[in-house]
Structure formats: C-alpha cells, structure tokens
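Some structures are shown below for you to check.
In the two complexes below, subunit A is the common chain; its partner is subunit B in one and subunit C in the other.
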Partner chain A sequence: MAEHVILFAGPMGAGKTTAIRSLSEIEVVSTEAANSERHVVDKATTTVALDYGEITLGDDDKVRLYGVPGQKRFDFMWAILKKRARGMIMLVNDDAPDAVQTMIEYLDDFRDLYERGGVIVGVSRTDLGVGPGLAAYSAALQAQRPDLIVPVFTVDPRDAGQMRTVLMTLIANIEMRAMLAPAAEAVAP
Partner chain B sequence: MTATWAQGAPTESRYSGVGFEPAAEAAGVAVSGWARVAVAVHAVGPTPAPVVMRLDVASYAPILIDFRERAFEAKLPIGQYPSAPDSVLVHQATMAEGDAAVFPLPGADLDKLLWRVGFTCFGDAPAPWLIPGERYKLNRWPNFVELTHHMDHIRMAAALANAHYSADELAAAAGTDRSSAQRLINAFTLMRVVEASAVAAVPVTVPARADAPRSLFRRLREKLGM
Partner chain C sequence: MNQPIHQDQFVIGEGHAALSGMCELAPSTIYAALLTDDGFDIVHVSRTQTEASRFASMSSSIQALSDAVGHELRIGDSEYVIMGSAQGHVIQLRIPGQPIVLAALFQPHETLGKALSTARLTAERLAQRLPAAASAAMAAPNF
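For the complex of A and B:
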C-alpha cells in the first residue's frame, strides 16, 4: 500500500486538529492532554504527541494526515514525521502575537519541505481584521525565497470545503513542481 | 480632493463629494459591459494606487472600488450581478493623500471582482492588453478559498507557480482546454498575480499531465467529488 503523508503544523491553537477532522474520513485519533500553557492559548486541552486522520484512495493508497504538536518542546516528533512527509499545511492565527514571525520560524523547522515547494499556508481568523492580513505573510515568504511562490490562503479549519481547496492546492503544486523538475535541470547551465 | 463624509454615514453620502469623471476609453479598443470595466481597471496600473472607481451597472446599485485598499463594495454578492448587463458605465477619481475611504473598510477583496470579470468578459479571446509571444508566471497565489473556482483553475495556477507559460502551453501542461487557459490568463493579468515575460524559455520537456491516472491530484479529486 502506498502512503502519502501530509503534515499539519503551526502554533498551539491554530486549528490543526480541527482541520484534520474536516478532511479525515475516519474518526481522528488525537492524543490530547490538559493544556499547561493556558497563559499562551486559552484552551483546555492540546495535542501532546500527534493527531491522525486519513483518506483512503481505492484499495492501495492512503493519504495520511498527521497533526504535529504545536509546542516546540515536542519537536522531536516533527523530525520523525517530516522524513515521510510529502507536503505540509501550515496553519497560523492572524490575530496571534507575531503571527508572521511565528510562521517563518516554523517553516525554518521544515525547510526541506518548504524548499521543494511542499508547503501551503492557511491563515485563520483574518475576518477579525486585527492581524497583519494575507499580504504580510506572502511578503515575508517572498523576502526569504523570491523564487518560491508559496500559496497563502485564508481558511476556516472547521470548513471542509475550504480545507479541501487547501489540500488540493498543495497536492497540485507538489505534483506540478515534480513534473517540471526535469525541465528545470535541463536548462540549468 | 477631500471627501466630506463621516464614519457611519450612508454609503451614497460617503462618495457624493468625490469628483468622479468618466473613465477614459482605451485608444483602439472598443469594449462594453464588463470588458469596459476590465480595460479601465487594467489602465489604473499596479495597486495600491490613489484611485477610486464607481461602476454603474444598469438596474443595479453601483459597485465601488478603492484601489488604495485593493477593496470593493457591492450591495449584492458579485455572482448575482448579470453576466451581460445592458450597460456598465465606469467613473473614476484620483484621490489625494489623506482622503477618506468611499465605503466602510475593509470591504471585499478586489480579487473577487476581478476574477469574475477577467475570466468571463473577453470570452475565449486574449485580453487587449496581452502581447502575443509573452509567457506568464505567478508572482502571488490568488486566495482560491475566497474565489469561485474549479479544480482545473488550481491545477493551472500550480503550473504557473512553477514556470512561464503561454495559453497553449498552459492548457497542455495542466491537461485542460485552451479556452480555460486563456480566460485564466486574462483574469490573472487583470488581478496582477502573474508577471509577463517576452524572453522566458519554452519548457524544455513537456510535463506529464497532472490528470494522469496515477496522479494523486486526480485520485483525490475523484474521491472528494471536486
């Protein structure tokens, strides 16, 4: 059976577990515990190992959806998962403090995926109008890597239709980039 | 000019003090309806620009565009405006620094309006501002979550995110028809989410079609019914 691993990353409270629930066709397996950092994000529980959901494609393929813990002290889990990952959906709250810088710091931890075009950014809570807005995220990404055009979409992780658009855009970008890689190498000096 | 309205005032009074004038017609381009809007919007140039525009669609409330904010305001969802209105008149005004907005901000993302207008108003023909021989590459992904879209649009955008294409090349790379590719390029150039190049190389190899049988995109699309 072939597997296609998609990661969901981002700071605590960004909606990773909710996003996986919106996409998964199985009951999502979550490993949550009491949130010991309520001064950071006011929610009762948080993911301490990972969330898992899946989409089955016929008899032989599965898209495996892994949510990695938002707290950086669990980053040893990221190292295990990112080796298997084909792409990553990075979620950030627009109204969180230093949201743009937080996104950049997370992407640094997933640099391999980022540099091979395997990242999409979903920004939630933009409707509140208190955060920097989509253009600020795109500008920060382009300042880092002008040659990489990373999709940055608004998203409500509770909305299955929106999450499907995000997932399909990620897959389209990964596949198109892979198909063009031989052409890019052929024209390189 | 200085706008004279206050926050909370009815929208009409907010722009009543703005000196709108008919937008100039592009020389040699005879257009009407939404195409007239597209040509006028394209002539404004890159945003933000100190320009506001009022679109008078026959039998409908005006649509207001503020290019300083990349935003617009319409009384109805943009999909409820007629695809072929009896007439559309375009008026615009140049704003001075510090002039207030002509509708309550943040308004709606201008891309929503330009996507709908640009994709349909020239049919299958190239937009009049396009130059034969040019290829196009994305410089910013449009926010498809907010746009009425089809999976072919996402696949074409993914192609444009990774290489320069003409309409014919884009159709071949994304496995879609030329009409859709041309319409998408019309819309994307109006939204200014692509850059044009007269010297970008032809792709050295023809990429495999994204809807090839083993494509994860294709299988997920079928699975999710998109």
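For the complex of A and C:
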C-alpha cells in the first residue's frame, strides 16, 4: 500500500478548499474564517490554517490532501505543511489580476516540493472567461522557468472527476520521477 | 460595502480602551491584541518587540485549529486556548458574538486563573461595547 501526501497551494480564491472538499472521502478538516477583505477577493470565508482530506485511488493508494491558506501572511503554515508533502497541486485562479505572474511566484515559494516530488498546475475559473487562459501559463513557464517540467491543466475544483484526473496525473508523475531518480544518481560521478 | 473590522475606527478605539483596561487589571500582561477571525491585527498594546501582523495571523490559525479539534471531539468550539511556556503564557479567546479574537501574553509568574479571568472579563466588556456583528460575518461554514 502506497501513501502519498499532496499539498494544495496557490493564491487566495483559487479553489484549494473547494478541491479538497470535492476529492475527500472523509469529512474534511476545515479552518475557514470570515473574510475581512471582500474587496480584495469576494468570497465569504478564507482558510487560516489548513484543509485536510483523504482519498483512496485505485485499490490501495491512500492520498492525504493538505490545503494551505493562500494569503501570504499565513506563510508560516506553508513552511509547516510543506515538510509533510511529496507533491503539490498548484491552483491558480485565471480571473485574478496578474494571475500568470502570481503562478510563477507561488511556484518559486514551493520550489522544494518540485525538487522532492512533483508539481502540477491547475488553472481554475477559466469558465468565467476573464483571464488569459491556459496557453499563457504554459508559455510563461517555458519562458521564465525552462528548467521545470510542470504539466499545466485547466480544472474546475468543484468537479471531483476533473480533480481526480489531475491528482492521478501528479501521482504518476511523482512515481515516475522516483523511479528514474536512482538511475540518474547512478550515472552521476 | 462594510468597512473591514480592522480598519473600523470605532472598533479600534473601543479595542484599545479594553486592552488598556486589561493591562491595568493584570500588570503582568506583556502583550495583548485584538485580531479578526482571519488574522488581521485590529489593535494591540505591547511591552515587548512583537511583530503584530505575524502574531495576528498565527493566533487566528491557532483559534481555527482549536475549533477544528473541538469539532472533531464533539465538544463544540473552543472557549479559550492556553499555551504555556517557561517565559510566559498565551491565552486567547473569542469576543462573544464578534468575529474577533483576543490574544494575550502574560508573564510566567502570573497565575493561569488570574490571566484567564482577566482575559474573559475584558472580552465580555468589549462585547458589550460593540454593536452586534452581522451574522454573515460570523458564519464560517467549516463543518
């Protein structure tokens, strides 16, 4: 039986809490608080510590799902939860101002998870039709972080099926890199 | 649109008066702050170097995690949270009926009973001074 710990990161309102609620088979642990700054991101609540859920994939792959608060002032929680995880789904809300650059910044903040496991980007809220759309994110990644191999998807965090696909892709990616890693080390001098 | 609580001059003024009163009641108070449920510093009084905005964020995380534990154990929301250490103790609790948390650091020689009763009294006094919060602001659909 394989165990995975996956972190959901990304800016406020991207849908991290929504995604974990869609995916989890257990009652989620939530730490929502009333959002004081609705003029910044217009939603009733925001995560102030973590989200936690669990899902079993296939016969025996147990996945623990941790969501972080998106707001940077909670970055001490990022540091705590990062240590537990081996992979990350970075959600980015397409309709936020400067969403593409925000993705790059958050990827840099969570770079160690890329080194240790794997990262996938899910662009959410594309159905609203106000953001730059998927291609802009892939292009920015290629131009600005050409060393990163990070798949980019559009995803609706409210949709469990779509989230499962993204999660399974990430886990396949992590397992593949883990399999290749010893071989790569063996050829290093 | 309503003004954010942490920028509401009335709340800041009443909060400052309440925290100052608390320091008089318990001179062992090293630091006391009011913060929004989502971790913005509203007002604080301090006799120490503390980064107010960071402390506010951390307090709100602790408050939410304590509520989550209370829910998990089916004992309801936490009434207060105590963190003890050799160099001081932290007590935090909600202002009744408000999306506001009071968090305070006391010198280690202070008895927990006194610190707790002072913090509670301060929270109750402040609650009486503030208008009832809009219920939407209190509704955090956690569970």
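Note that in this section the second predicted complex is superposed on the first by the 168 of 189 C-alpha atoms of A that agree within 3 Å, B and C clash if a C-alpha of one lies under 4 Å from a C-alpha of the other, contacts with A are read in each partner's own complex, and residues count from 1 in each chain.
To be clear about the criterion, contacts are C-beta pairs under 8 Å (C-beta built on N, C-alpha and C of every residue); 3 or more make two chains touch, one makes a residue touch a chain.
Owing to the predicted nature of the structure, the values given are computational and were not obtained by experimental measurement.
Residue contacts after overlaying the shared chain place A:61 against subunit B, while subunit C stays out of touching range. After overlaying the two complexes on the shared chain, residue contacts for A:26 are found with neither subunit B nor subunit C.
In the superposition on chain A, A:76 contacts subunit C only, with no contact to subunit B. When both complexes are overlaid on chain A, the residue A:179 reaches subunit B alone and has no touch with subunit C.
Subunit A has more of its residues touched by B than by the other of subunit B and subunit C.
Legend: residue contacts after superposition of the two complexes on their common chain; A:162 is shown touching subunit B, with no touch to subunit C.
The interface of subunit A with subunit B does not overlap its interface with subunit C at any residue.
The part of subunit B that touches subunit A in the complex is made up of residues 106, 138-141, 143-146, 149, 151, 154-155, 157-159, 161-163, 173-174, 201, 203-205, 207-208, 210, 215-217, 219-221, 223-224, 226.
Subunit A meets subunit B in the complex at residues 4, 55-58, 61, 63, 117, 129, 134, 138, 149-155, 162, 164-169, 171-173, 175-177, 179-180, 182-184, 186-187. Residues of subunit C touching subunit A in their complex: 1, 4-6, 36-40, 53-54, 57-58, 60-65, 67-68, 72, 99, 136-143.
Of all residues in subunit A, those touching subunit C in their complex are 27, 29-39, 44-46, 48-50, 69, 73-74, 76-77.
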